[in-house]
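Heads up, there are several structures right after this.
Next, two complexes with chain A in common: one pairs it with chain B, the other with chain C.
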Partner chain A sequence: MALPVAFFALFFAWPVAAIVTRGLKVDGVWQFGRIADVVGQPDVRHVLWFTTWQALASTALTLLTALPAAYVFARLDFPGKQVLRAVVTVPFVLPTVVAGSAFLALVGHHGLLDELWGVRLDTTVWAILLAHVFFNFAVVVRTVGGLWAQLDPRQEEAARMLGASPSAAWRKVTLPALAPAVAAAALMVFLFTFTSFGVVQILGGPTFSTLEVEIYRQTSEVFDLSTAAVLTLVQFAAVGAILAVHAWTVRRRETSLRLVDAGVTAHPPRGAGQWALLAGVLATIALLLVLPLAVLVRRSLDADGFGYYRALTDPDGGTFLVAPVHAVWTSLEYAATATAIAVLIGGLAAAALARRDAGRLVRGFDALLMLPLGVSAVTVGFGFLIALDEPPLDLRQSWILVPLAQALVGAPFVVRTMLPVLRAVDVRLREAAAVLGASPWRVWREVDLPLVRRALLVAAGFAFAVSLGEFGATVFIARPDNPTLPVAVARLLSRPGDLNYGQAMALSTILMVVCAAALLILERLRTDRTGEF
Partner chain B sequence: MLLTLDAATVRFGGRAVLDAVGLDVAEHEVVCVLGPSGSGKSTLLRAVAGLQRLDFGRVLLDGRDQSGVPAHKRGVGLMFQDHQLFPQRDVGANVAFGPRMHGVSRGERDAEVRRLLELVGLPGAARRAVASLSGGEQQRVALARALAPRPRLLMLDEPLGQLDRSLRERLVVELRELFGRLGTTVLAVTHDQGEAFALADRVVVMRDGRIAQSGTPVEVWQRPADAFVARFLGFENVVPATVAGTAADSPWGKLPVPDGSPQGSRTVLVRPAGVRLVPADQGLPCTVTARTFRGTHVAVRLQPQDGPRLEAACALRDAPEPGVPVGVEFDVPEIVVLD
Partner chain C sequence: MQNKTFVAVAVGLGLISLSACGSGDGTSSADSKTVTLVSHNSWAVSEKVQRDFEKRSGYKLRVLNDGDAGQAVNKAILTKGNPQGDVFFGVDNTLLSRALDNGLFQPYAAKGLDKVGASYQLDKDEHRVTPVDYGDICVNYDKAWFSEHKLTPPRTFADLAKPAYKNLLVTENASTSSPGLGFLLGSAAAYGDDGWQDYWKKLKANGVKVVDGWEQAYSQEFSGSTGGKKAGGDRPLVVSYASSPPAEVLYAKKRPSTAPTGVATATCFRQIEFAGLLADAKNPKGAKAFLDFLISKEFQQDMPLNMYVYPVVRGAEVPAEFTEYGPAAEDPETMAPAKIAANRDQWVKSWTSLVLK
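Take a look at the complex of A and B:
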């Protein structure tokens, strides 16, 4: 317990506090009046308003498209379901930068729609909303569908036997059981879109800016630290509120539902309605999820094929000090290190949280662990720069800085994945081992470890994918001579010219392939008990 | 004494789950703790195993105080209520777990696993997956696993609780025979009196964390210590009465009681076999309200004109129909004045 607390205190709380102090303390005096000043500014108000309504709109749109899919995945059996489930999840672990560039390739200047019908959406809010749906589709399908598949159909049958019509049975029995899961999924989507950075940075142009993007702009372009600090606080408060509601819905979700094995509740589609629903869902997935990725891959190829990929190995591109392909190795190294840290810290925290006698304080830490998920990654990255640049801890020149920041974002995923599995280990199994003569350490090795090994691998995979795609914090602290993949993609996209654009698409494709490969391996390992997001 | 509990007390949030329990178990003795759910019997086992800390009192094994000795060093075995076999290991690995923790070599372990599986009637099952076992087989594997480290005291928590009736009756005989052969010292808990009486040398009845009675199965059956024990054993004809000489004044009128019964205000138990049905114009007038077929006899429920209901046991051919008026007389040998 001590190690995770120290880790989060040092690498999360301190940098964030440092930023806030730097922004609000002038000559040793707190300037709380600044908060009102900044929030009162019309352009800040505009950003706040846009951040909120685009998050609401994205959440609504995601629910609208993904809930039918959740039903289809939960209750219908069709060939290729397993593969499709993995395909749906790919966007979620994709770096935001890749999602951004995929939609740019689809709806942007010279994008597919532009060439076919002259339609461009990259200057409208639709591109952002669609990209958010692309991203968070899996959150809804997995959270709601996961529960839906395990709801005992006999509950509905019992209601039918008591005289309820099919629709009444659904409304009175299934819907109330699903409601907390839908609420939890909606909140997660809202949280992710509220703090969206990479997507808006790439697709938003100068017109649209979320809080996160504005924090980035204020710190790295305008150098107005106090405004950035206030915006950080505002986002902090909003995220805290969302997480509190989320924790509440999760608790409601855990209340006494009769769950059965997911395998037995699905059946092949029956009747025209179910076939139409299945077709509609498949079409949505094809258009919204697969098409952008396909276009991305297509755009990474030039007239002769792999020219853009070859250009990646050329150090004279001018954008970087090294050949862009070098970023692949840098990213893999960083992500591996970050994964090791995240698994260690997250695993220890999960083990401490899973103890039945965990007190109030420890359970409070549970909620705090989720904060790095939602709190501005940009803030963390910038906080690292200003908090960890002087003795006793000067890491500014150290390569470990990037993996540390990435581990911070990855650790909550590890906790989320491990916790349900650890909690599900029957205490009496441990007691049985103890009575048979196993010391506490051997109990852990002989009983807990074999049961959680798969969850540990899944957690590591998630941490790896998240670290690989981390953008908001890394963009601050990655050194110019050693960019990670997402940073390199963003930098290439910010340059004019077909070669840069093509290289960005090529790098994005590489990143997508690495992430998708990691995910497909995970999908084979995933157990029923591991947490859903 | 192999095991001594000395004023053992466990409190959960102010409520005493074990309330100053004193209990001795001698070597080779099979003791069964009997009580309704919530009477503290599982907590008793957990306290002896070292899984539950005592708030007060001591647990002694071979005369040595066990406070501060962790569960894995106490050298006692515990078979859990729902077996708690390790799901990721096969049968053999489950049984070999204890010896492995005690550093027994692989060869010896394998021989021991074979011997034990044979002993519990599952020869050659070592490579089977735990999930493929039936309830009775799981129970046998759990027993073999608990015996494998050769514990000085074997504890069983509702050993046959989840099995169906016929299997339970067969296994209880097997267990009794096995413990006799091995000379194992056993402390078992159960809520099933039939199981306790069939298994134990000595029965300990618990109520609300205290010991209500302790004795051989025959002693407990013949002379329940109080109304609670009598009712728990399934006797329903329990009433307050005033005893004077060899007669007791009860709500059912005058009852004959054995010579030398305790005198004064007492509780009297009339076993169903001691309730004799006679023609309606004799004895205590009653109406038959129900009858239940019990295999060897029929339990007849009777409602006297006044006083609480009575249960009588009679032969199938003598059992009257519900609604029929009958008379009741009482037989002295089946009447007990409780202390």
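Take a look at the complex of A and C:
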């Protein structure tokens, strides 16, 4: 417990506190009056309002499209299910720049829709909402679907037998059982879309601004640190509230249900209704998730086959000091380091949280661990700059900052994956081993480790994929001679010229393939209780 | 407890060794044989010219690109007192006051300053910054489009608001893009503190389109650039730089005999970039040598083709392509940095609600 706390205190709480203090403390005096000033501004109120309603709309839209898919993945058997489950997860770990450009290629100027029907959605709120669905589809499918697959179908069947209509059986039996999972998924989607940055920047154009975008603008462009600090606090409060509710629903879900093996609940589709549902879900996935990715791959292949890919190996003196393909190795190295840190920190935290005697304080830490997901990357990035500047921790120019920032984002996923499994380990096994004279270290090695090994691997895989795609914090910290894949993509996209655009698409495709491969391996390792994020 | 202690020690050791190898390259900056330049992402110099500097001065140059121009300045201000390097390049006249008011630099009059044009020396009393280059933000036009439509391209700010040029101009968001801000400041200099809002109302009524960044405006919406042609851009007027037409020629696959784009020469705003010796620099001597180098003839002549800017030193030659393909701005608009600092936030705010909402 001490180590995760120290880690988060040092690399998250302290930098963020440093930058907020810098903004709110003028000549040693706290300017709390600024909070009321800033929140009272009509512009800020407008941003708050937009942030909230687009997050609500995105969440509703995501639930609407993804819940049928969650059912299909949970209850129906069809060929290619495993691959498809990995495919729908790819967008979630894809960096927003890549997904943003994929969407632009679909709904933007001279995008596919524009060429077919003259429909353009970029700079409209629809592009933002659709992209949010694209990103968060997997959150619902995995969180809700994971539980749904383990719900005992006999309960609903029993209700039907006792004379309930199909809708009544669903309303009275299945829905209440699923409700906590749906709520948890909805809250996660709400959290991710509430703090949306890249999507809004790329697809929204200059007229739309979320809280996160505004914090970025105030810090990085206007340099009004006090406004940025107030906005950071507002976002903090909002995210804290969301997480508190989330922690509560998660706990309810873990306690009260009778679960069965996911393998026995799925069956091949029966009847026209189920076939139609399957077809509808597959069509939705094809249009909303696969098509943008396909457009991306297609665009990477424009220059006589693999021309753009070959160009990646040429060193160029301007934007990079190395050949762009070098970014692949840098990314893999950083992601591996970040994964090691995230698994260590997240694993220890999960172990502490899973203990039966864990008090309220420890449980509160559970929610705190998720906080890095909801705090602006620019806040953390600028915080690193002013907090970690003294020896022995002058890390400002060190490469380790990048994996550290990525581990901050990866660790919550490790905790979320490990926790349910660790909680499920029968405490009597540990006690028996201890009674038989095993040291605590040996108990852990002989009892816990074999039981959680698969979950550990799944957690590591997720942390790896998330680190690989992390963009917001990395872009602030990564050095130009060592760009990661998403940073390299963003730089290539920001340069004019056909070759740069093509190379960006090619690098994006490589990134996508690496992520998909990592996720496919995870699918093979998937344990029954690790469906939660 | 035993297991926890073990893990904590192992991890502690790991972190220490990580941070130790991490700070390894950090300490090298304190080494008096290295001079560290903090700059924005557009910094570029020919390899040979950099080697010449290193050979002549005896210092090794280390470059730290720290985001776009605004971010680099902001980060430098945040780390003031314990700067990341010795010398900073890339603060322009729109950000100069912010840097000076925050005490980012210490005075140094670089050798050869007498050869720098007086109009560029915006801190000539204290020499906290040294002018290095300038560029003009101007409206570019697509030559082919205008000859096809038998229309004379616009030349002045006033032209852009005329009905003949309705729905033709694309510009950048003044709050997120440096050319966007430059164009706004140019219009404010031309129409005055009270007049620019009316001008922008007319522009808006005349169908000006605003996008977030230069890349999008120039390489996607503008019909005259290579990228824009590919992307099917349909706006023949764009806010860009006076050096964009030569860039179009130099980066073309087959070099055309004339530039495909032209410059509306009376719509320009002058941007001057400065460098300075950072306060509390660890190697002030090296930083001074580097500042001297920045206004040396060798660097000044090397700079244009690397960063697409113009030299400020008299007698430094501009590459032939620049004069051949890109006409010079006519009396570009300028504005005192103090005035920009006093008004920019307010203007950008009113501009945003006027044009974007």
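Simple rule for what comes next: the second predicted complex is superposed on the first by the 521 of 533 C-alpha atoms of A that agree within 3 Å, B and C clash if a C-alpha of one lies under 4 Å from a C-alpha of the other, contacts with A are read in each partner's own complex, and residues count from 1 in each chain.
Operating definition for what follows: a residue touches a chain if its C-beta (ideal position, glycine included) is under 8 Å from a C-beta of that chain, and two chains touch if they have at least 3 such contacts.
Note that the structure is predicted; figures quoted are calculated from it, not measured.
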Could you classify chain B and chain C on chain A, in the superposed arrangement, as clash or fit?
fit
Applying the touch criterion given at the start, work out whether A:439 contacts chain B, chain C, both or neither, answering first, second, both or neither.
both
Residues of chain A touched by chain B versus by chain C: which partner has the larger set?
C
Answer with first, second, both or neither: which of chain B and chain C does A:450 touch in the superposed model?
first
Applying the document's definition of touch, where does A:205 land relative to chain B and chain C: first, second, both, or neither?
second
Please work out whether A:222 is in contact with chain B alone, chain C alone, both, or neither, and reply first, second, both or neither.
second
Touching A:429, do we find chain B (first), chain C (second), both, or neither?
first
Contact-wise, after the overlay, does A:2 reach chain B, chain C, both or neither (first, second, both, neither)?
second
Where does A:85 make contact in the superposed view: on chain B (first), on chain C (second), on both, or on neither?
neither
Overlay on shared chain A, then closest C-alpha pair between chain B and chain C (Å):
13
Which chain A residues contact chain B in one complex and chain C in the other?
439-440
Over in the complex, which chain B residues touch chain A? Could you list them?
49-51, 70-78, 80, 82, 84, 86-88, 97-98, 101-102, 145-146, 148-149
Sites on chain A touched by chain B in the complex
426, 428-429, 431-440, 442, 446-447, 450-451
Residues of chain C touching chain A in their complex?
1-4, 6-8, 11, 16, 18-19, 21-23, 25-26, 29, 41, 44, 47, 64-65, 67, 70-71, 74-75, 77-79, 82, 84, 98, 173, 175-176, 210-213, 215, 218-221, 225-227, 230-233, 251, 345, 348-349, 353, 356-357
Residues of chain A defined as touching chain C within the complex
2-3, 22, 43, 109-110, 201, 205-207, 217, 219-224, 317-319, 344, 348, 382, 385-386, 389-401, 439-441, 444, 476, 479-480, 491, 493-498, 501
